[in-house]
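In the two complexes that follow, chain A is the common piece, with chain B as its partner first and chain C second.
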Partner chain A sequence: MAEGAVDAFARRHRYRLLEALPWLAAIAAYIAFPSYLALGAQILATILFALSADLVLGYAGIVTLGHAAFFGTGAYTAGILAAHSWGEPITGLIAGGSAAALIGLLSGLIVLRTTGLTLLMQTLVVATMLAEAANKASFITGGDDGLQGMEVWPIFGRLRFDLFGNTAYFYCLTVLFLCWLAARRIVHSPFGRSLTGIRENVRRMHAIGAPVTQRRLVIYTIAAGFAGISGALIAQTTQFVSLSFLSLERSGTVLIMLIIGGIGRLYGAFIGVPLYMIAQDRFSTIDPVFWYFWIGLMMVLLVVFARGGILGLFERLRR
Partner chain B sequence: MGDTLSALLSIGFHGLAFAMVLYLISVGLSVTMGLMGFVNLAHGVFAMAGGYLTTSLMKRLDAPFPLALLAAAALVALVSIALERLLYRRLYGGDELDQVLLTMGLVFMSIAGATFLWGPLQQPLQLPPQLSGQIDFGFRSFPIYRSFLILCSAALVTALWLGVERTRFGARVRAAVDNLRMAQSVGIDTSRLFMATFALGSGLAALGGGLGADLLTINPNYALQNLVYFLIVVAVGGLGSIRGPFVAALLIGIADTGFKYLLPEFGAFFIYALTMAILLWRPRGLFGRA
Partner chain C sequence: MSPPALETRGLRKSFGALTVANGIDFRLERGARHALIGPNGAGKTSFVELVTGALRPNAGDILLDGAEVTALPQAPRVKRGLVRTFQITALFRRLSVLENVTLAICERQGVGGGLFRPSGRYRAAIEEAFALIERLGLADDALRPVNTLAYGRQRLTEIAVSLGLAPKVLLLDEPAAGVPSSETGTIIEVIEELPPDIALLIIEHDMDLVFRLARHITVLVQGSVLVEGPPEAIGADPRVRQVYLGERVPA
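So, the complex of A and B:
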């Protein structure tokens, strides 16, 4: 019996066949919908954003309403670089991710001292502060009009961003894949397991001597970096950054997409984000107001009938 | 010297008016969060509904301002009872994330609903002639509408505080906030108590939304736009407290007005910094229990 349990733990981190599914689906989507590649690239980048939110929320149990702070920081960093004659995409991505991680580290030092609603408020306030700062610093950010005049160079000096989004699609897919590998490793490492421990029972983790605050800070910083990379990806592929990148609405929607998919499962982002964004694209061409109503209704119904999101639903069906 | 004094007086007056609106709207949220442990991000929807109903009743039915306000508050309170019974009650003491999802869903639906019913533009509050213009207090004149707003809110706040301190209902609410299990064991029907406090909080929010329709303008994005302010007031004041949010609203209302007046280039930045500082100093808010 004990050996069975040990085996189960040892096998946890091994790759399973099912995990290839999202990537196969991404390639299938590329072949099947060549005219929707721009949307596809945005979906892939947003999956990364939701994945980073999952690390914070689903694994470390930090309920945040300010995750857009890091997304926006990454986007503005990459955007401002590209608008001021440094359009090299890879370094732009690294710069965006690093700037966001730095903000994550600095704000985490303050914010993570608190818990519960206070924590929620602190994260919200950090994001709102950054949004207000970006709004007022319109001489570099463009303020309300958004950041314009970005020029992104070809990747490695060769692959130009084309009009159809071919390059953008594979660029986003590659970055997402690399970040997913990293996130997967983190989650299955002893460090990742201790995060789950912190989420499930903080007192116990304190009692067995785990450095709780430090671990929460580390994952917060890493996730902020991922969110920054995701923001930089969207900035580079759409060549536009606006104040909405830092907004409460952005922080809220990423949570919603993640919860729809299912949190704390690493794959919730891969289900929730495409579902949400494709539905939004379809519905909002009919009528954007109409879209808000139906997504709102769907969220309410989800809470009433299907807690744990779509992956949670599957798990219950399997049992 | 006269100019400085006049500016300070002006900031104090406008800040006070803003603070009163903030308090009326947020006090219900503080009680819902403290008593039921419910993160109600949709609280602003009740204020927005109050504002829309008040302006519509005045425009369509020619109802006088005070009557329209009361009718709107009563209607919103009734609808909130239905919402509480159908949706909110399921999640009391439950997962914060589910609460966030549910209430954000309600906010989205409110945005769509308001745009569908009233259109995307903001609804102006058409003040009766008695309330427009200025009133002279001898040393200085102030806008009548804001003076009326401050007086009305002050009366409401007094009534609320007396109610909580002196009535049986108030005693039950205080008991439940202090110790929910004990309150249940001594036979207080907390389910009905929750419903009543929820309705009261929503009704007050509707009054605040209607009274303050000229300060916080009524538009479909109202609930999302002003959410940060309501949450700040609650978090700074302390959950479950009735008086805490009042002090917080005064602080935030006056500081916000002052900073925006004196340092417009920094906008609302200082308020957020102030909020962070206060929450670091007292994580449970100024009047929150340890």
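So, the complex of A and C:
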């Protein structure tokens, strides 16, 4: 019994078969829907954005309405590079992620001193300030018109971004996979577990001598980096960046997608994002005027019948 | 002579007009079995919060093992062996008992911020946590989330977490509060069997428990030390009786 409990506990981080499902689904989708690869690439990149929000909100319990700040920073960084004759995609991604992580670190130093509603407002303020800065700096960002004239080079100098989105799809899938590996590792590390501790009971975390503020800052910075990579992916694959990348709507939508899937479980993003984006695509085709209503209705039903999102629903059904 | 495990000098704290600590001088000797008692609102829990660093005093000094810690945040005080439990159970409620204790041990070992190795590979920490849980009779519940346990067992988990931090000074804030009397026995036994080198301060209402465990008692009233001494003297002290009967002590 004794060894049993210890062993079971020590084995928690091992990979389970079910975790292959999102990746098999992504490959199946590539084969089944060849004419939707552009949307598919968007979904994959947005999953990374939601995954990054999950690290902040779901694991560390940091409530944010400004996560688009990092997404937009990554997108503009990669976009501006590509528009100014540096279209190499991998370095563009790294630059986007690094710039976003830097913004995360600097803003985190200030906003993470607070909690609750004050924190919520402060994250919102950071994103709004960045959006306004991007608006004013129209000579470099294109301002209201959006950033034009990006030219993204082939990956490794060989794989050209094609019209059908084949390259974009696998590019996004690969980057998402690598970031997921890293995120999964973080979540299962003692650091990741301590974040869960902070979310569950911050007073206790202080009482066991954990440097809570520092831990929160570290995850905020890492998650900002992931959000930046996600923004850079979308900028590179759509060859367009606009002020909406930094908007409150973008920050809010990613939370909605994450909540639909289920927060704090690492896989909520993989369910919520495709569901939301596919529904949005379908509804807006069927009903171009009224589609937001259907999205709203879906949300209401989920909140009423599936608290804890779809993953939460599955967990309850399994018991 | 070695300094006391914990000492406060002229500790003072007020919130506006409300004074919760009015110049408290207090010594907790090494290996002490010391109780802090007093009526509701006497400032017992505030005293714990001040000592651990959750609250900042307006004046006075806090010394841990002879060293000044008044300005230190909570975490470094914990690292120096100053550990508390909470009056109202404060655990990671949805995490298992084993994980609650493992988290504490990882922090003590300084690996709590490790980013790369999976937590399951910190085998030594997990085994130490399990041994501790077993010692407190919680082995069968090791993998259960804390919020599914009976309250008495949650209180034991609370003690297990604090022991995982290898305390030199342990502040037990009403360890048996809210526990049905049938289960208090287990908690008393656990406290009685704590290693003798831990300096223990028990904040308690339950006089049976206090007189069973404590060899020294301090009575706190309205943020000041009213009297201190061995249990027999405290039990016989008329001023203490008056306080507990709800009467004011004439100045």
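In the analysis below, the second predicted complex is superposed on the first by the 315 of 319 C-alpha atoms of A that agree within 3 Å, B and C clash if a C-alpha of one lies under 4 Å from a C-alpha of the other, contacts with A are read in each partner's own complex, and residues count from 1 in each chain.
Rule of thumb we're sticking to: a residue touches a chain if its C-beta (ideal position, glycine included) is under 8 Å from a C-beta of that chain, and two chains touch if they have at least 3 such contacts.
In this text the structure is predicted, and so the values were computed from the model without any measurement.
Engineer: Please work out whether A:303 is in contact with chain B alone, chain C alone, both, or neither, and reply first, second, both or neither.
Structural biologist: Once the two structures are laid over each other on A, A:303 reaches chain B alone.
Engineer: Identify the partner contact of A:136: answer first if only chain B is touched, second if only chain C is, both if each is, neither if none is.
Structural biologist: first
Engineer: Just checking: does A:121 make contact with chain B only, chain C only, both, or neither of them? Give me first, second, both or neither.
Structural biologist: Touch partner of A:121: chain B, not chain C.
Engineer: For A:316, decide between first (touching chain B), second (touching chain C), both and neither.
Structural biologist: neither
Engineer: Scan A:249 for contacts with chain B and chain C and give back first, second, both or neither.
Structural biologist: Touch partner of A:249: chain B, not chain C.
Engineer: Applying the document's definition of touch, where does A:190 land relative to chain B and chain C: first, second, both, or neither?
Structural biologist: In the superposition, A:190 contacts chain C only.
Engineer: Show me the chain A residues, by the header's touch rule, that chain B contacts in one structure and chain C contacts in the other.
Structural biologist: The answer is that chain A has no such residue.
Engineer: Which of the residues in chain C end up touching chain A in this complex?
Structural biologist: Contacts found on chain C: 52, 54, 74-79, 83-84, 86, 90-96, 98-99, 102-104, 106-108, 111-123, 126-127, 130, 134, 139-140, 142-143, 161, 164-165.
Engineer: Mind listing the chain A positions that touch chain B in their complex?
Structural biologist: Touching chain B: residues 57, 63, 65, 110, 113-114, 116-118, 120-122, 124-126, 128-129, 132-133, 135-136, 248-249, 252, 255-256, 259, 263, 289-293, 295-300, 302-304, 307 of chain A.
Engineer: Which chain B residues qualify as touching chain A in the complex?
Structural biologist: Interface residues on chain B, with respect to chain A: 33, 39, 87, 90-91, 95-98, 100-102, 104-113, 115-116, 224, 227-228, 231-232, 235, 239, 265-269, 272-273, 275-276, 279-280, 283-285.
Engineer: Quick one: which bits of chain A touch chain C in the complex? Just the residue numbers, please.
Structural biologist: So the residues of chain A in touch with chain C come to 1-2, 5-6, 8-14, 185-186, 188-194, 196-197, 200-201, 203-204, 206-212, 214-215, 218.
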